[in-house]
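Going in written order, the chains are labelled A, B, C, D and E, and every chain counts its residues from 1.
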Amino acid sequence: MRRVLRPLQWVWLLVVVLLVWELLTRTIATSLFVPPVSEIVRTFGRTWFAASPSTLFLSEEFRTNVLPSIGRIAAGYSIASVVGIGGGILLGVWRPAGAFFNPLIRLGMSVPVTALLPLAIVVFGITNSMNVFLIALGCLWPILINAYDGARGIDGTMTLTARSMQLSRRRYFLNVLLPGASPAIVAGMRVSVGTAMVLMVVSELYAATSGLGYYLTQQQRLFRFPQLWSAILLIALLGILANAAFAALERSALRWHHAARGESR
Amino acid sequence: MTTETSALPVGAPARVRRGVPEWALGVAGAVVLLVVWDLAVRSGAVSEDSLPYPAAMLARAGNLLADPEFLTQTGHTLWAWFASLALASAVAVPLGLLMGYFATLYRPASTVVHAARSIPSTAFLPVAILMFGLGFQMKLALAIYAIFWPILLNAMYGVRDAEPQMLTAGRSMGWNRYRLLTRIVLPSAAPAIATGIRVASSIALIVVLSTELLGATTGIGTVITTYQQAQRPDFVYAGILLTGLLGVVVYYAFTFAERALLPWANAQRGGSR
Amino acid sequence: MTATIGGEKTMTSAVLEVAGLGKSYRSRAGDVPAVRSITFDVAPGEFVSVVGPSGCGKTTLMMCIAGLLPLTTGAVTFRGTPLDAPRDGVAVVFQDYSRSLFPWLTVAKNVALPLKDRKVPRKQVRSRVAHALEMVGLGHAADLHPWQLSGGMQQRVAIARGLVVEPEVLIMDEPFASVDAQTRTSLEDLLLRIWAETGTTVLFVTHDIDEAVYLSDRVVVLSQGPSTVVADIPIGLDRPRDQVATKQTALFGELRGEVYSLVMASEKRTSLAGRSDPE
Amino acid sequence: DGGTDTASGPATIKVTSFGCEIWNTWAEAKGVFAKHDLKVELVKSTGGSAAVAAVLSGAADLGYVNGFSAINAYNTGFPIEMVAGANTNATPPAKPAQGVFVGTNSPLKSAKDLAGKTIAVNELNGLNQIVTSTWLKQNGVDVSGVRFVALPFSDQVPALLSGKVDAAQLGYSLLGDNNDKVRSLADPFATAGTVYIATYVASKAFVAKGDTASRFHDAMVETMDALGKPENTDESFALLSACNKVPADVLKAQPQNALSPSVDLAALNGMADQMVEQKIMPKKPDLDAFVPEFARS
Amino acid sequence: MTATIGGEKTMTSAVLEVAGLGKSYRSRAGDVPAVRSITFDVAPGEFVSVVGPSGCGKTTLMMCIAGLLPLTTGAVTFRGTPLDAPRDGVAVVFQDYSRSLFPWLTVAKNVALPLKDRKVPRKQVRSRVAHALEMVGLGHAADLHPWQLSGGMQQRVAIARGLVVEPEVLIMDEPFASVDAQTRTSLEDLLLRIWAETGTTVLFVTHDIDEAVYLSDRVVVLSQGPSTVVADIPIGLDRPRDQVATKQTALFGELRGEVYSLVMASEKRTSLAGRSDPE
């Protein structure tokens, strides 16, 4: 009985919120713009999940719009991670470079990526690369800054220990800097998951021929609000999924970090 | 320990930093960027139609700063930014404190929060326009939606991170739950809350500007789109530069305020004391 | 001085009576006993130390005595009335000064905290805080923040916070474990001086056998957890004590050796190689 | 809010705008709105759906929307009506105002060459895409193979010139100073019949409440009449130039869309037919209830 | 055994010679001298402790000797050649085990790390790591992570990591300051045993005067910083030593008192009230 009830602790409020929404939109607050949850869910099933096992139950719509978006997120996010982690650690360790790039980074992270959409279109054209670039750029900053802070924040004693052992640069990077900065890096990467979702949608508003953002705009232009909401629902679910996956990854990869912190308490 | 050497790569001799101060390197970085940019346009690698010469952009930035219309629109942007931050904080902080303090609330609420915060606020643009029109309120709504969650989460986590030993110390002085909350939980959550608000301040500015670019009636973003439609990339990039600088100013203002108001936050993070 | 080994209380003049105190922690896997049954008394003005192997339940015992944890069995009596919640006459100083001082308050405000809800007039609060800080030699540091002080100074602030309520019993759980050896000797002498000046009863937990012997009137030795009292040793060293002279006496060496072997014997595994101390 | 006839003073109405519409600047400057007892407050909107949303939410009273979006919104069931027309396409023999543009040196010569190519339009499933699709179909091109890409007008020519798209469908007036770098394959609007490029819609409730909507229509008719008179040309472009900062002679040289303040139901039905044909709507709605009596031509 | 008080080196058989070592830190406000001029030798196999007031420059001195900090003046010679960068024959164990062990590596991998870039064959790495862990009594803990161990066990891992390179000189900077008193006594005896087994030279910094006297062949006392050598005291206690017996001897008490008064005298302000230890 307890085992059955435990997941309920986590979800009951969500269920209440959705029920209130359903009731309101069915009774006093009917609106063509905000359909009842049940209708959104129905549209959601119809739009994204066809009943054909040959396509793994994914609809045409899902394959043409969602898969490309996921691909772009994956690519942009990966690029941002590699550049952000490498660059951040380098800047954190090599102080003059850190000072050199500091204002540019501060400026870069303060410019809304949306404003760079036209430039991205000119440089990359109407291609996947354009979306990937914008996603990567937006995700880069939190990861970079965190990797930088992480590398700077590595305990002085650890650095000294490594020096007294005469570790090679490569080993120092792989065995000390990278793992030492990883809690900060993971924190940055986690923030970036959200950013990536936002930029995926925003970058597909224009100059895209597929994708969830593209789909959103199209439905918006055609005033198909149940479809619009079903796309929002899909984005929310993807977001929850990404978060959960990340949390799981974090739990296993940073076990030492949490355990070490927990014990020092 | 000797901070002097801590940032040097292994094996490197413990060099003494001298000569070039950090800010000078920063200025050099900015200059190098402008030069590379200039060369890129000059060589034709990027068309002047899409990317202006940096000199032209800087000149236009000067023009914009002298343009009362631009300043008025900046005022609109800042007002939307400030209002969204104030409103979101006013609701999210107390709510986050409650959710963190009462274990029974924490779990169900965090599911809702994680679901809601994964939806990009721009996805709500059409709905937001319906509900709030094209003006100030719409910007406000989207910005609040975007920053509400980070503030809430930070408040929640801040509360949960309160040092148990401190709570025991409080109990040993005979404090009840309310006193523990106000005297220990709140101040120990304050640095986390401040961090949340600082992060939110950057996000809010970016969201406000983005809604202005995507469809609003006032603000710096609309100035940029106007020049975009007039095909004046020099003005467009001047506008982008100035918004970026605005973001930098906001960021440092917050960092400074945090240091002044919560001096222990840094001290706590900095050392094992 | 009363040595009661596992027996009934024998005195009514005790300020603190611990009778058959037992404590189990609840956990998923069932109840975990931490303290089995502990009985001892503390006379007014006495300095009693508690030593025992790591994890034997010393902290648990102190928390129970301070009224911070509910007992499972037995009773704690303070001046004749049962003690089951934090009480005015009892103050606690914790080991980890960095986590028991509030970094957002100045030193003076940290020390003033326990007086806050007791309707003490402002003026009096100020003078009592100043007096407590004087006692620990930190009169000049009133307006600094804890994180601006060294570890030893922080622990002195924690002591001042304990003293400011003028407690009848001061409970200290390994107060000097996190400071360096030199600072510790100074703090020990400081504590002895204050104890002599104020006449407070002190109940003192420590890992350090030298420290326990040097400071106390009596040393209570606990067994490996779930703990019971193994021995209750009166320390007949002359007062005032001195870091060099007292420790050079033969009696000190004997008492030290006695406590040492009792503690070692009460540890289940004394061989270092096999030790996996859980602390 | 707004739009009510109050006993004292003119009715204030909020009208959405994309930027500088020539009739708005004229009517404002010449007091036409005032003459019809209206005080017009322009609020910016970026697209058809935004304007419809604004009208329904009361953020604006009149929405500046292209005809296709308006029909679409009406068909979806939104309680709106079309209270005035604005632009229609300039049909021959008038000089074409619109084009499907390619680079001057592009190998593309005709509609047939666009099969399988990428064409930039300002919004997906919007006016320009529908008209271009119709034009391509008429020329025997399989539209399903053509990629339409949404780009803001301002980015279309740069994208075209840098080869990111093969063609772009937009108005001559939006080319900026790139007239000599591009050439038009054809005016897709020329064969599309009359198309309402821009219209004004209002919520049913707003139309039903007093005669403000009707007065706005009358003001549009009067303004556009005046704009049609050759003697007013110079002055109207001077006014427009002051608004959008583009030199008046440049503006004057650009071909212009036609002005049609009243709505031709037949043309509207023709547009709806195209939408059904392109599967944007499953079936044509009854447009009679969409256009109030006073707004029809 | 060579007692050189501020004088020249007198032996050439020394494994480590510190001659006129001085070190200033650069700071915004100009140069801050931490160590003025320190001269002493360490003979092969000797156990030398360094004690001195808080902040007198002991850590600085050790870092200079280990080649981790450049000297300002003077020289450090290791087996006759100048030592100015970390060297193979020298290993360092730091005070703060929690920060010098890498929590993301297992115990075995932490210990194996210093062998990694030295082209030691895999098999040999494994056997040497196992041996080092055996020596500190942690053979069973090889696959655990540092945070799964108690403080004392963690410090033993750090010692094993120092030993695995089979150093000629093991430099230890307050290695036992962060562990509790009971664990410390065990670690002291462990260290003495290993020292006797391996014949390594040990240079040992501590705050704890009892510890210095109990462990060492010689105790070097430093002055308040910028430090010089105040005294270099040979410790003539018999070996092997015993926590109870050795500390009960009169000689121990005398030596302890001597060092204690030297350290106290070298502190500028010994009164606790005025102390504001910067540590």
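To be clear about the criterion, a contact is a pair of C-beta atoms (placed from the backbone, for glycine too) under 8 Å apart; a residue touches a chain by one contact, two chains touch by 3 or more.
Molecules present, by chain and UniProt name: A, B = ABC transporter permease; C, E = ABC transporter ATP-binding protein.
Because the structure is a prediction, the values reported are computed rather than measured.
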Message = Can you tell me which chain lies farthest from subunit C, using the average of the Cα atoms as each chain's centre?
response = D
Key: Chain pair whose interface holds the most contacting C-beta pairs   = A-B
Inquiry  = With centres defined as the mean C-alpha position, give me the subunit A (ABC transporter permease)-subunit E separation in Å.
reply    = 49
Query = Just curious, how far off is subunit C from subunit A (ABC transporter permease) if you go by their C-alpha centres, in Å?
reply = 51
Query = Whole-Å distance, subunit A (ABC transporter permease) centre to subunit D centre, using C-alpha means?
reply = 38
Key: Separation of mean Cα positions, subunit B (ABC transporter permease) and subunit A (ABC transporter permease) [Å, integer]   = 17
Inquiry  = Could you pull out the residues of subunit E that touch at least 2 other chains?
reply    = 63, 68
Inquiry  = By the touch rule stated above, which residues of subunit B (ABC transporter permease) touch at least two different other chains?
reply    = 2, 5, 47, 50, 126, 130-131, 214, 228
Inquiry  = Give the residues of subunit D touching no fewer than two other chains, as numbers and ranges.
reply    = 47, 49, 53, 56, 152, 154-155, 158, 162
Query = Okay, in this complex, where on subunit A (ABC transporter permease) does subunit E touch?
reply = 155, 157-158, 160-161, 163-168, 171, 175-176, 179-180, 182, 256-257, 259-260, 263-264
Query = For the complex, which residues does subunit A (ABC transporter permease) have touching subunit B (ABC transporter permease)?
reply = 9-14, 17, 31, 33-34, 92-96, 99-104, 106-116, 118-119, 122-123, 152, 154-157, 159-160, 162-163, 166-169, 172, 176, 194, 197-198, 200-202, 205, 216, 220, 225, 228, 231-232, 235-236, 238-240, 242-243, 265
Message = Under the stated contact criterion, what part of subunit D meets subunit A (ABC transporter permease) in this complex?
response = 47-49, 52-53, 56, 69, 72-73, 76-78, 118, 120, 123-126, 147-152, 154-155, 158-159, 162-165, 280
Request  = Would you mind writing out the residues of subunit B (ABC transporter permease) in touch with subunit C in their complex?
outcome  = 163, 165-166, 168-169, 171-175, 179, 183-184, 187-188, 190, 262-264, 267-268, 271-273
Inquiry  = Which residues of subunit E touch subunit A (ABC transporter permease) once you look at their complex with the stated criterion?
reply    = 63, 66, 68, 86, 88, 90-92, 94, 96, 98-100, 102-105, 113-114, 116-117, 145-148
